[in-house]
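Two complexes come next, and they have one chain in common, chain A, joined by chain B in the first and chain C in the second.
Up next is the complex of A and B:
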């Protein structure tokens, strides 16, 4: 379990993560969404120990985050930070030296030649190689920054299948940062949307889909919690969250998928009401 | 990681190694080793600096910083893993150089020992810049500035210091920078380098300021004068400051402090303070008491403008009778004189009536009793000065010896010892053409006096009124009685021969202070020789 308490990360005067408190259960898979600069990468970096968060605290299974807790963490940054000058064999040896190795979790496809330089890999290959290294150490927590969109459909399937397998078999806790849910829909069971360093939405995916609707009307009804609205041809599109039964009588009510819901929150084209 | 790091260091340093090999080949194959050997030293320093600076260069080049920081390693261990292979490689390279230096007798700027220090300093200092500077040239420049700059600064301020000693001091100071880096690295993260630098550079500047301040503080003052007290303390002074080392430690005192006389119990040193006036002349400003236990300084009397103390030698100014310290002051412009008496902090002044001024006074004996009077030696006159202004001629003499209330006069009739009171009471008389052997340095009154007639030398103990013939081949440089021992000092160049004499016994010691003294002082404690920055004391054993 991860317990985050009043976590803040500053870059000069900018608060990239602002007084954030969260609890994440073991085995949960979370989609961390948000616009550019919302604080997703910063939060993942703080969780991975790459960034020092102050003030605030992060506890892993009740223990303060430090270099010991990092052994349980696999963190795949968006920039795929690896020693590019190393060969596959050298990188694997070094990673195994620090994290240990679990043979059962090495990704066999695509196969990397031991002598292949990491620098010679494409970004997608590098991502899969990194995931292979990370999962090979049987982590308890996997933090993946926005990397899925680099992958071609085949590698994406390899990537996501490997993560899903680990979630099911080893109760891996996964937090994946992404600007959209399109590529990874089906994996996250909880979604968090960040804006200006704060979590503005934290909901179970299924519940969110039930609670979020879109309807059309001419004006915004006073008693309905419309969070976003926009003018669409002659009518006004209104997004309601949390969904309330009293909207039932209205015409043109639509339930949305996760990608559409996230677009409503982070797309930028919808003016918040 | 250790193996890959080591491999990487040697790979990165390959060019420098090639240049080093080429220089070495040039030294072996040509006769230009005088020029090439120092180049070898410079490239080795370059290698040490590069190796230190390149601590995180690989992460910078290969975009592996984030991966490195996410590894399950504490920052200290991470640093150690980076440091150890570098330490190994620079040590190995240095050992090879030292072996070659020894085998081939390479000429060099620095001795192997000093070079090792400088090399280690460059390595450690460059580590401190491994994050802050993205290019090596900047890091190397700052390394040179802080290391060699510090060495040059110390040398500039204190030219007498040995280069090895300076390099060692500079290197010890340089350790502050890697320690600062180590401390800040504990909080290092993926934030931009500017965030790290915001903490590192103020620390760097503060450390540099402290080091520079320490260097300036450590610079030995160009002392103008040193004096040795009867208890072995050394009072140093220049125009701007003074210093005395007490049991509690070194005491620095602003201003120029001149030793007047020690109190009878030896716990207080009476001094006068001087300062420069607008014409760069020393003017006397006050009489102070320096507590030799605590180092506390108490002003006793502020000397009025244009008044000066007219007395004898350092340490023998004025006299102490029954705990009261008396001094004789004159004001040349208005021909006025007075006696200042300080008793338990209370100051009394006794002006001499009428006009009085004598510029040639070399000794003043303060007589006890009322009305106050002084016996003054102003070559060739010895006279008594009454508080009423009346002057009474006592004798004509070219030189004299004084011990408490006894005066040894070298008169035309011979050498005569008197007790000074209302009258001069003769104690001992020797007829003949005697001359006092001069004590060629400032110092304390000596109970024993050496005088001679032709080539026969005599030692007279004024206290015991006992005379002894001395077997001396040459005139003494100086002499001093200390208890029952009488020390006669001869000088040959920078070597001192000190003859210790007691009744019927004598021994001789040769003493070489190891430098050419600018001046010599003597006190019952011993002999002090000093130059501007060096000093040595020969203590008389008893």
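Up next is the complex of A and C:
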């Protein structure tokens, strides 16, 4: 279990993560969404131990992160330049040194040659290479930055298959940062949306899909929590959350997939309500 | 099997419904094995916990039997005939609820149902 308590990360005057408290259970799969600059990457970096949590604390199974708990954590950043000067073999050795065990190749496809330069790989190949290294260390926590969108369909399949296998076999806890749920919709059980360093939505995916609806009307009715609306022909298209059928009694409501729901939250008016 | 991510019905409920319907229509037969949790999760690109939850519910409802790691199969037929009636009753319940909500009377609902059968067929 991860317990985040009053975590803030500041870059100069900017609060990238602002007084955040969260609890994450073992085995949970979470989608972390939000616009560019919302604080997703900073939160993942703090969780991975790349950034110091100050002020605030992050506890893993009740203990602060130290060199031992770090080994339970795998982090896949969106851009990896650290290893660019190395070959596949050298990067694997350095990784093994850090994690104290030799990297098992958990992903056999695509195959990487030992002498291949990391710098010569495409962004997608690099991601799979580092995922393979990271999963080889048998992590309990996996934090993945917004990488899915630059994987081609084949690599995406490799990526998802590997993660699904670890969720089943090892009860892996996964947090994936992404602007949309496209192609990964079936994985998260919980979704969080960040804006300006704060979590503005934290909801179970099944509940969110029941409580989030779209409908058309001429004006915004009173007492209906409209998250986002826009003019469409002669009517307004309105996105409502949380919707309660027994209270609000709207006709012809439409339910949406996660990507469409997230689109209404990101840059929507929800945070200002 | 497919799942609809835009549906308010949770994915594990959709899987349960799909399997029940497949059993009721004899697409899956008694004692036949279901795909493993892993295979179905990989096939649908969904969280294995979601599949596990659907299988756990169906096991509790005695529609399927088995456990994770060993495998799951469809229960024997005496129970299955009863289950089929339950499955149909569940579908009828939803249909009737919707019809009443839309303002149809008992007579109208009966007539509508009758209209699906050839005239003079009272069996």
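Things worth noting here:
Following the convention adopted for this analysis, the second predicted complex is superposed on the first by the 253 of 273 C-alpha atoms of A that agree within 3 Å, B and C clash if a C-alpha of one lies under 4 Å from a C-alpha of the other, contacts with A are read in each partner's own complex, and residues count from 1 in each chain.
The rule is short, and it goes like this: a contact is a pair of C-beta atoms (placed from the backbone, for glycine too) under 8 Å apart; a residue touches a chain by one contact, two chains touch by 3 or more.
Keep in mind the model is a prediction, meaning the values are calculated, not measured.
Shared-chain residue A:84: touches chain B; no touch with chain C. When both complexes are overlaid on chain A, the residue A:255 reaches chain C alone and has no touch with chain B. Legend: residue contacts after superposition of the two complexes on their common chain; A:186 is shown touching chain C, with no touch to chain B. Shared-chain residue A:210: touches chain C; no touch with chain B. Look at A:161: by the touch rule set out above, it reaches chain C but stays clear of chain B.
In the superposition on chain A, A:13 makes contact with neither chain B nor chain C.
Once the two complexes are overlaid on the shared chain, A:99 sits against chain B while remaining clear of chain C. Of the two partner chains placed by the overlay, only chain C lies in contact with A:29; chain B stays clear of it. For chain A, the partner touching the most residues, choosing from chain B and chain C, is B. When the two complexes are superposed on chain A, none of the residues of chain A touches both chain B and chain C.
Chain C makes touch with chain A in their complex at residues 3, 5-8, 10-11, 37-38, 41-42, 44-50. Of all residues in chain B, only 1, 4, 8, 58-59, 61-74, 77, 187, 189-192, 195 touch chain A in the complex they form.
Of all residues in chain A, those touching chain C in their complex are 27, 29, 160-161, 164-165, 167-168, 183-189, 206, 209-210, 255-258, 260. Within the complex formed with chain B, the residues of chain A that make contact are 11-12, 45, 48-52, 66-68, 70-71, 73, 75, 77, 79, 81-86, 90, 94, 97-99, 119.
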